[in-house]
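Read from first to last, the chains carry the letters A, B, C and D; within each, the first residue is number 1.
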């Protein structure tokens, strides 16, 4: 019987090597797999390229991973917010690189990787400075830019329910980038608030089919980034 | 209050003009919106371009629409089956055109139209006769063909549940092409086995969000193509 | 001090131009106020980029769900008939032309419809674009809701944007504290002044020629 | 009459080469039999192009659901842990390289791995390709399960396909009634003859050079 469950977040991330490209689910605090990120901090892999919509907040989760010097490059659409201090400081100090990608293009590049589409055309960025260096092409009189797929070695994902086959559901807007990141990473590692039995998720309600998932860890009472920040916490 | 319900299949298809491009959901018999197709036969629009994975079976539904001389061109991946006689005869007689598209490319071209992507690259058909006339390009040493989006004026769709906002669910493998066709057509017309109240579909379980749907008609006891054929029925 | 519309009145005036049944995306800031001024008898469905169609008003603090946010990372609710979906589907709605109206704030908007609302282009600033460039390319109508001038009194409606663009020729109408202004092939045209505000005042605070209101038909 | 494997034995032999936990797509015909011969202790998850992962065996006639079919339009069931999805997601699984094994029937397979299984190329034939061209490009390993020769006794394993191709260089291994044959950089190589079948017989019925079994290591 197939069983993708893994006993701990530590074991789940233990083979992420230095220099890996890692997608991390979540949009701001919502859907951020804090326990997996903290396990990656403990694990200590460095030189990472991290793909996430943002760059974390406060001194926990993704911001702490960056602050710990493990991230060589961020690929994101919105690398600052009122509570993000770590990334801006490290970026200005030249300690981390940035690839800025519009949010819809970021989502579509990730989805394309999962779908075996090496490139596609989008109107987004046409006529702006973010068009620079991109190939353009006209279809039906409108100009588009070509965008390549965006693949990853690993994805770290937070979900609501997971079964042993890796079928997943999410909670509300915590879904965001996670389903497409599951598709785009060679190894997808998921922390689930509930581990349920095979067959417990209605096949009509599965959001991420298990084929896109390699490892599942139960994290029944996950911390939330906003709660940690409100409590003044930092990691490690 | 937004209410996309429409009192009858006749009214729902009444403005489909001659020469329209019409997507029809379903994979073989499963998910085929027979009542909407029969209403389109009664309506009588001609010179249609129809997009469906197949070409219908027996002398009902899509096969009857073709047999009635209303279809100028079929776009599909698999235009024959053990029970499809109408299309092969008309095709050999030069009465209907065929654009043959591999099934995955057909699905992706439809999805691209719904997503605002005018073209994308796929490895499918490379090195075959179906590559002819297509632009090729190499990414990371592998050859791909460029494929354009595939849009439609109308989509005819069968679903399980629909609410007045046009949120939809489907039943099992009757889902197939329908969600992406809803995205790709300017006007999406849906027949629903159950019309439910706003809020009756859990927001986590909506498969087609209402933004992709224009009209919903209740068809509480839909006929099934296989049942009609087994009964020796034809239409009109 | 000038008279003119308050932020709330600007939002209400903008909401009047949104048709019943529209699918609407509201940018962060003043645009968010539009949701409070839906004209009687109409219903708008709100989309937020992070995967929700049918966004409702903010919850009471006690009812907050930490997993239910909008694109501005504020806690929101979901109305009956809402739907959740992932980011690629969400931006398919945007880029695929399924949304009717997007209301955005701005730094500058030019008389040819160019919009600059994502970056000052200054050295050392951290560039952050989010979904703005997708929205202006994909949504059918882009409305701008903004103060007519900066806090320093500089025009935001300009001949040509000096800040980095979000998109070229994308804006159709502008709502400010002083006026409603259309982008036309001939440049800015006054549609409606705020009560008590003269054409001359609006014109003097606009950084490009401003065509007067079109004469009523007939 | 030759001895050799039955269709069932061919399917069972093929199933032995599919690893535990594999995601598998089975073509129409003999490949469908593979599902009946899963080696003890292993589990395969079956994908069908029309939107189901976790396909189970055919139902009793009384338990048929007219909305639950496979890609061959046969009624099937869904196992616990199954998932339904739409066609674009289904072919993302295929084209995106997420499926481990696809077992296909064929008309011809060439010694360079070219596959021809969709069209005879005859005038007047209705061309129908379905998902075959997507499967051969996307699935990690393509196995062919076929009789060694046509009913007329012509080789199906050939030097060069004469029928229109489904894909170039896509096949990795072939299971026939006479043998298991690998595609190698040097052409066909015999992996295993069926019991009682000689190299000479297999070679004589193969339309291209057939390398003998590799010597055991050491």
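What we mean here is this: contacts are C-beta pairs under 8 Å (C-beta built on N, C-alpha and C of every residue); 3 or more make two chains touch, one makes a residue touch a chain.
Everything quoted here is computed from the prediction, not taken from an experiment.
Trainee: Just how many steps, at minimum, does a route from chain C to chain D need if it may pass only between touching chains?
Mentor: The fewest steps needed to get from chain C to chain D is 2.
Trainee: Per the definition at the top, count C-beta pairs in contact and tell me whether A-C or B-C has more.
Mentor: More contacting C-beta pairs are found at A-C.
Trainee: Could you tell me the distance, in whole angstrom, between the mean C-alpha positions of chain B and chain C?
Mentor: Measuring from centre to centre gives 36 Å for this pair.
Trainee: How many angstrom lie between the CA centroids of chain B and chain D, rounded to a whole number?
Mentor: 29
Trainee: Residues of chain B that touch two or more other chains: which are they?
Mentor: Only 108, 111, 115-117, 122-123, 170, 172, 203-204, 207 qualify.
Trainee: Show the residues in chain C shared as contacts by 2 or more other chains, in ascending order.
Mentor: Each of 52, 78, 84-85, 88, 91, 94-95, 137-138 in chain C touches at least two other chains.
Trainee: Chain adjacency by touch: line, ring, star, complete or other shape?
Mentor: Looks like something else, not a line, ring, star or complete graph.
Trainee: Give every touching pair of chains, nothing left out.
Mentor: Every pair of chains in contact is listed here: A-B, A-C, A-D, B-C, B-D.
Trainee: Which residues of chain C touch chain A once you look at their complex with the stated criterion?
Mentor: Interface residues on the chain C side: 48-52, 65-71, 73, 78, 84-88, 90-91, 94-95, 124, 126-134, 137-138, 164-168.
Trainee: For the complex, give me every residue of chain C touching chain B.
Mentor: 20-21, 23, 43, 45, 47, 52-54, 78, 80-85, 88-89, 91-99, 137-138
Trainee: Inside the complex, what are the residues of chain B that reach chain C?
Mentor: 1-2, 111, 113-117, 163-165, 167, 183, 198-199, 201, 203-204, 206, 209-212
Trainee: Which residues of chain A touch chain C once you look at their complex with the stated criterion?
Mentor: The touching residues are 27-31, 53, 77-81, 87-88, 91-92, 98, 100, 102-108, 110-111, 122-130, 170-180, 207, 224, 226-227.
Trainee: Where on chain A is chain B touching in the complex?
Mentor: Counting only chain A, the residues touching chain B are 108, 112, 115-123, 137, 139-140, 142, 144, 148, 169-170, 172, 203-205, 207.
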